[in-house]
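Let me begin by presenting the structure, written as structure tokens, before commenting on it.
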Amino acid sequence: MEMINIFVKSIFIDNMVFAYFLGMCSYLAVSKTVKTSAGLGLAVIFVMVITVPVNYFLENFVLKKGALEWLGPQYMEVDLSFLSFILFIAIIAAMVQLVEMIVEKFAPALYSQLGIFLPLIAVNCAILGASLFMQEREYANIGEATSFAVGSGIGWFLAIVGLAAIREKIKYSQVPGPLRGLGITFIVTGLMGIAFMTFMGIEL
Amino acid sequence: MNVQSNSYTFIYASVMVLIVAATLAFTATQLQPIQQANIEKEKKQNILTSVGIECSRDEAVDKYKEYITSTYVINSKGEAIDGEAFNIKLAEENRKEIEERQLPIYKCNKDGKNFYIIPVRGKGLWGPIWGYIALEGDYSTIFGIVFDHKAETPGLGAEIATGWFQAPFKGKKIFDEAGKLVSIVIAKGGADPNSLHEVDAISGGTITCKKLEKTLFESLIPYESYFKKNNK
Amino acid sequence: MAKLKNLLTDPMNLNNPITIQVLGICSALAITVKLEPAVVMSISVLFVMAMANVIISLLRNTIPTRIRIIVQLVVIAFLVIIVDQVLKAFLYDVSKQLSVFVGLIITNCIIMGRLEAFALGNKPFPAFLDGLGNSAGYGVILIAVAFIRELLGFGTIWGFKVIPQPVYDFGYSDNGLMILPPMALIVVGVIIWIQRSKTKELIEN
């Protein structure tokens, strides 16, 4: 039950894009067409679902104070949490490049669709944000952490596909010249953000 | 040398990780005592601020000795137990069941009056938030309050650490007339000026305020029976 | 020489990291409610970016292509953590200000973006200038947005009241909407609008 709760919450109420404004750069830069944005969205879901559980293990068995207890009682006091930023980001970058290599080797068709987006994901702050939220919120088990990751990924996917759909329609509108392209995208995202604020504060 | 070969890549990565980890571990361990001292001084400073004693961090150590007359640790039944209040880490206690928690109280004597300072801690929007509440002798009226946070949004949630947000807490009561623990409500859209249990929220910092309200309530619950017992 | 100068001046307008390259948006949203954090963030980014650009530029011929992203991220995170640790020990008050931004600096894609686009292919000195120029261009937008939002949202500049009381008595009130994050997007959108009206060649079709 708790897992479904976290899942729905992280899609709508705690939406990475609209509630926390994470992952904005690639969100704005790669939302020209629905097709490419869906590709990037899928890649984000994919990487998030891999990195959050991996970082969850890292947090609970290496970094947290007392996490090294399994090595022996004398490690009870070791606190490596100052390394968490650098390790999380290293895991993410490593995973992104690993995924890139695997996909390239075994599914060239998918690679040609996703390929150029994968390196972008390493710097997508929504991914690191997901790992840091996982650390902060202290999810009880790996299942909760994973359903949080899936939900956040899907939330990000929905947001970018929604924006891309609006941008495709805007092409046929009379937007003032200087506002065309990036300018109107910023404003549309702002308006979408205001609309999403209606979800804020809903308790599940 | 072939920069792209597998073995080079592997060695490069390993050497980099080693250098980075070693340097970080070295600085972290070398600087930890100084950082720890800073944190302790700040904790003392915060405790003093909650009873309205302003001082610099370096003065805090002496002033703390001067004003904090005693500290004790209680459990949720309100009985005194062994322990050193200042060394209790609230983050760890909050993970335990309420019955097993060690609850610190700092007793302060200022201008001939006794105040009881209890720490609060919980989660904010981005990271932990914590603070100290100074209660008057009736264990209900708030004499002063101080909050701090690790990573709330600057200009919004982070405002909980500022005076204008904290000042209205003074004089509010955490128990209602019937003797029920109601804590303090942080009211969005403005507090009822006649209410003894409400303060204004920060516009734009709603989530932090909600979390702070929850933090206050949950941190006060374990002390409830002690407060009731001693407030005759 | 002119080329070196362009490295500093281009990012201010023609190649601004926020309004043209679309980099570093997340932090631009998070910390532009008030002027002070915006300035602190700009200075931190300036420092980290110049240092990281130089380091990556020095290492550029030794980094294997396949792990370059990891190397870049590790260098950035390493710099930020070291700075934060040292500040925590010796300049505690500054570190308290900065601690909120540590995560934001590491994930700021503007740093990573410039490492990838410039430092990997250029000598240390131009890379240093590129870092300075881009972080300044980033800072200019950040400070402009923070100025507008603080003025309209709180009626203050750097925490000081600037809108006089009679104006409020007359019926003016602070615009609470400006404080909410979506308004940062809209303000940046308007800044882009103004910039592109002035510089016609930037208009997209």
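Letters A, B and C name the chains as they come in the text, with residue numbers starting at 1 for each one.
To be clear about the criterion, contacts are C-beta pairs under 8 Å (C-beta built on N, C-alpha and C of every residue); 3 or more make two chains touch, one makes a residue touch a chain.
Just so you know, these numbers come straight off a predicted model, no measurement behind them.
Chain contacts here are complete: no pair of chains fails to touch.
Seen from the C-alpha centroid of chain A, the farthest chain centroid is that of B.
The mean-CA centres of chain A and chain B are about 31 angstrom from one another, to the nearest whole unit.
Centre to centre, using the average C-alpha position, chain A and chain C are separated by 22 Å.
Touching two or more other chains at once are residues 82, 86, 90 of chain A. Counting only residues that touch two or more partner chains, chain B has 17, 20, 24, 28.
Those residues of chain C in touch with two or more other chains are numbered 30, 66-67, 70, 74, 78, 81, 85, 103, 180. Interface residues of chain C, counted against chain B in their complex, comprise 30-31, 33-34, 36-37, 61-67, 70-71, 74, 78, 81-82, 85-86, 88-90, 92, 99-100, 103, 150, 153, 176, 179-180. Residue ranges of chain C in contact with chain A, taken from their complex: 19-20, 22-26, 29-30, 66-67, 69-70, 73-74, 77-78, 80-81, 85, 102-103, 106-109, 112-113, 180-186, 188-190, 192-197, 202-205. Only residues 3-4, 8-9, 12-13, 16-17, 20, 23-24, 27-28, 31, 34-35, 38, 42, 57, 150-156, 158, 203-204 of chain B touch chain C when the two sit together in their complex.
The touching residues of chain A, when paired with chain B in their complex, are 82-83, 86, 90, 136-137, 200-201.
Interface residues of chain A, counted against chain C in their complex, comprise 21-26, 28-29, 82, 85-86, 89-90, 92-94, 96-97, 101, 119, 122-125, 128-129, 132, 176-187, 189-194, 197.
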